[in-house]
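Chains here go by letter, A, B, C, D and E, matching the order in which they are written, and residues are numbered from 1 within each.
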């Protein structure tokens, strides 16, 4: 009967917030995941329905990722252009909307070069590692109450474990290319991601402490009275800033794009990649940016949870009119825009400054923040506790 | 390549050529003065080449489609340039901008190092005269290249490109007249066999 | 703006000359907290600058070249093509004196003259190699007869560099001044021997390795079709 | 008597010694000739230990176009058009240097109008050159947007200069004996409008980059070049001034009308990348000040003192004249023999002499430091190689 | 300081200097044997202090069968420019390196070696600078012949 016992807990939907006497959990925020739907179908011996859910979910994920990649490439180029007083793609379709499609077709049809001296197997595998890490992280992403693939009990731990996966791809790609610049880039990326993983996880721990759960849906529901970024007297804000800095570093985006460093390393780890394989790296980078933004939104900005102010019933009711998916998309787009804004404003750090920033500044700050956060949680001294 | 068959483009070819023509990522390569004007057009805001989808300047030749030869090529640079060209994946296009890369320009005579024309080293698709050409001229050159890609490349012959000489007719001349006049010429010279041209390095042969 | 208040001017004497110097300020770091706060502020100020441009589409300076071809204004002095000046009768001033040929720094002009009917020197072919011309304007400057000019038509991309060799004179024959003395228009037309822009003796130089074909020519650059852009 | 002459490949492949297997191995990396940070085709062979640079070997010649040999076949006016292609970012200053050398050799006097226009237009180009440098510095350090802002403002000056000189980059405007054209009627109002436009933009540059803590950390105490080394390595221009030596040819040996205008010389204190950065920013302000002083006071007169096709006979003797370009002092050496073509024409290029300090300052730093150093030296490689 | 005063001072340093006619700035000729000592004095004497070597170049005089080396010196303290010329034989083009006095001389001499084939004794790293290591001949010599060079057509 209980086939996937860790995943199956029929009673979790009855979550109830502790704010006042208002019932928000049960009727409004019914959380359903794809895994739960499949499981339900299996329990009802409805294998066709389970198959449809499985196949549909898979197809929808891949389609969403591809579409998101295209949209993001276009968005990045347009946003960059407007930061720089120019127009960006204009000539393919209306305001150049077909530009990423042209790029995609071109990359797909390009000659695929594997250098003679490269380690063929690893060279071919490396981009797929990047893509794999990306897809694993998508598994626990709560997009809206209805759209989530699987709601793991240890979602945060899974995320922390999986988010370092992409570095395997970078490392393998850099090493197998047999190019000194690639090697330097890969080494930088490895050092950078291993270091910043620490403060990234510490920043997440603060939220885990406040919400008392490792589960994505519960973390979001714990923000029904307000988002953690402002409810905790600055602790949340500091954790958010640390998370943003660390995730920019994890993403290898400017100002932390040392592993690519176009003006230093001529492309870094993907110097030797061409055509479709380079396209996969490109795609993984952009999707990872969305994922980092989405998780920042989930942990600190309430995910799909509308903007609530404690028990102000009237205000909250107005906010609830906006569907959760829109909230999620809005918050994620804001974060994505923030990342782009950083990229097109700041110069790049040097490699030793990068390490110093992590070990001498971010790590102490996030540790102290964690302690303060623990005190805040224990004393219950935060808004709408 | 015989007869009319290669002139007929399938719809697959059309989509492919459309994509290739509109996504020309240039290689960050510039040796001298023309590079400044190339930066003025390809990157800077005023003439913004990103409108053509060509602002993604790649620092590594593996990811580039378009080699804009900006600036004089000297003998010592000839070998690195050849390596750069060979590192670029097919399809790769070359635009020679400025007098120096077309024919040596001001350094044609009495110079012991300047290569007289980059097409002695690598096959060149479009020549953009000027010293240096102004950004609009370079954009015009890129449009010329786009025209060539859109009309002249077929899926079946990935390493052969047709130069669309018929695409630009002199005034007062019909296509039939021109075709009659240049039929032989087209047969002999209108296709670049990239492989052949790349190995047809006249300058090196002369030296050794 | 960086620290303009603390800048001091000083008078120093170097090599017997009195001059005012400004000493470059150093980025100052006082306390740890101030450093962190200052750093965050500086980053935020930078972001404000980029935001200002992002939020104002009017600050976009892009000129969309092929779309704005009709009203594109190129300065009249801009040098993109060499030309002989023609008057309304289609007559030029060039006498074939070869001063431009001699003064040209890289031999991109080749003037071939001939003996005309009157026994005077006349222009036969004015060959101009656009592929090596550097547009230095020396030929226009030194021309004693004001026969040459630089036009600003810049659209001259070609697929074959041999097509960059132009013949500038539309006819071989006497100059404008010599024509003024001739009354009948029939005589005038008889003295003009037609020349085509591309019938110059190609290939020139060693670079054009392939044998010269028949007069292959492309359209002059200004005839780009509307639907091409 | 014999000298041993090594080759580059011998340096890069030293004979193997019996090292212990645990010792870290130093390796060579080729930065260039095609590398985005080397501003063209400079090749730097780096001996690296991990990410730390142990030795820098600049390898030149990837754009050596034999200008000096060609100049032995050309007369003065034709040499001027070649100098456009050397330091193309200060093309007018290069033209002026050769023209001045030819004029001095021939004893030609130019009228005040010519000198004023030359000064004015060279200062404009100094601003333009520094704008480009500022943009490219941002590009090298990873701040892409500054590149676009620098180029956007550079276009404004390019437009002004194009209207007068008829070309955007290689202008060939200053000729022996005068100028190619007279000033365009739009020149004065447009320059005034530009100064009004550019002063706030300069403040914005400082907010965007100078204030930025990342940029300060990238430049501060990086690539320190002491005054003694700067002189010994023959550095001139902003690089020398950054090391604390207030040497500016516009003050020391005034040419043009620089003795009639007032401006200050920005000087560094430490000689690091930050000083070089700040000095160029300040030089833009000073140049704007010079332009403001001159723009309303252009005297009347002819714009050419010679016949256009006059023969430029160089008397027997050697002539060496210097001009302060945006990068340092450009010297022109002409050896005349009484003919109109020089027996020897040599250019003392500022970039060639500024370059070599990199072999000292970059050692011990990271690759990123080298990028910052090369960027603040503001090299134009065709001028190094000639 | 006028040229005459400077020349008088130089004669104090070494009586064998000869002033060259019609040169800007002041140019003096010194026999090659005394060049290094003369330059050392120019750099160290407090009333001269030529501490910057601006430029070093060579000239080829095939009819006189000699190379002329030129050093352009600059004194920052006294704002003086001076050109020091010296002549060496074309058959054995040996000169002493100045790189001990001015580090930049090392690279300027490499350039001259590359283009003229003048050999500098005591030079720490005498290599070709602009041309490949296997280049044959020295292109700025007047008698340099190269199949690659094209002569300007008349």
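What we mean here is this: contacts are C-beta pairs under 8 Å (C-beta built on N, C-alpha and C of every residue); 3 or more make two chains touch, one makes a residue touch a chain.
Because the structure is a prediction, the values reported are computed rather than measured.
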item	value
Intersection of contact partners for chain A and chain C	B, D
Taking each chain's C-alpha mean as its centre, the one farthest from chain B	E
Chain whose mean Cα position lies farthest from chain A	E
Higher-contact pair (C-beta pairs counted), B-E versus B-D	B-D
Distance between the centres, which are taken as Cα means, of chain C and chain B, whole angstrom	21
Euclidean distance of C-alpha centroids - chain C vs chain D, Å	24
Length of the line joining the C-alpha centres of chain A and chain E, rounded to whole Å	65
Chain A, residues touching no fewer than two other chains	83-87, 90, 262-263, 266, 344-346
Chain C: positions in contact with at least two other chains	14-15, 17, 43, 46, 49-50, 60-62, 64, 78, 105-107, 134-135, 205-206
Where chain D touches two or more other chains, by residue	35-36, 61, 64, 66, 69, 73, 81-82, 84, 145, 148, 152, 155, 168, 170, 208-209, 212, 214, 245, 247, 252
Pairs of chains, among all present, that meet the touch criterion	A-B, A-C, A-D, B-C, B-D, B-E, C-D, C-E, D-E
Complex interface listing, chain C residues touching chain D	1-2, 9, 12, 14-15, 17, 19-27, 38-39, 42-43, 45-46, 48-50, 61, 75, 77-79, 99, 103, 105, 134-138, 141-142, 144, 150
List of chain D residues in touch with chain A within their complex	27, 29, 35-37, 51, 138-145, 148-149, 152, 208-209, 212, 214-215, 217-218, 366-369, 371
Residue ranges of chain C touching chain B (in the complex, touch as defined)	60-66, 72, 74, 78, 80, 105-107, 129-135, 154-161, 164, 205-207, 209-210, 213-221, 223-224, 228-229
Chain E residues touching chain D - in the complex, by the definition given at the top	20-25, 27, 51-55, 57, 59-60, 70, 72, 76, 79, 81, 83, 85, 94, 102-104, 106-108, 111, 115, 119-121, 123, 125-134, 139-140, 152
Chain D contact footprint on chain A (complex, rising order)	80, 83-86, 180-181, 184, 188, 254-255, 257-258, 261-266, 343-353
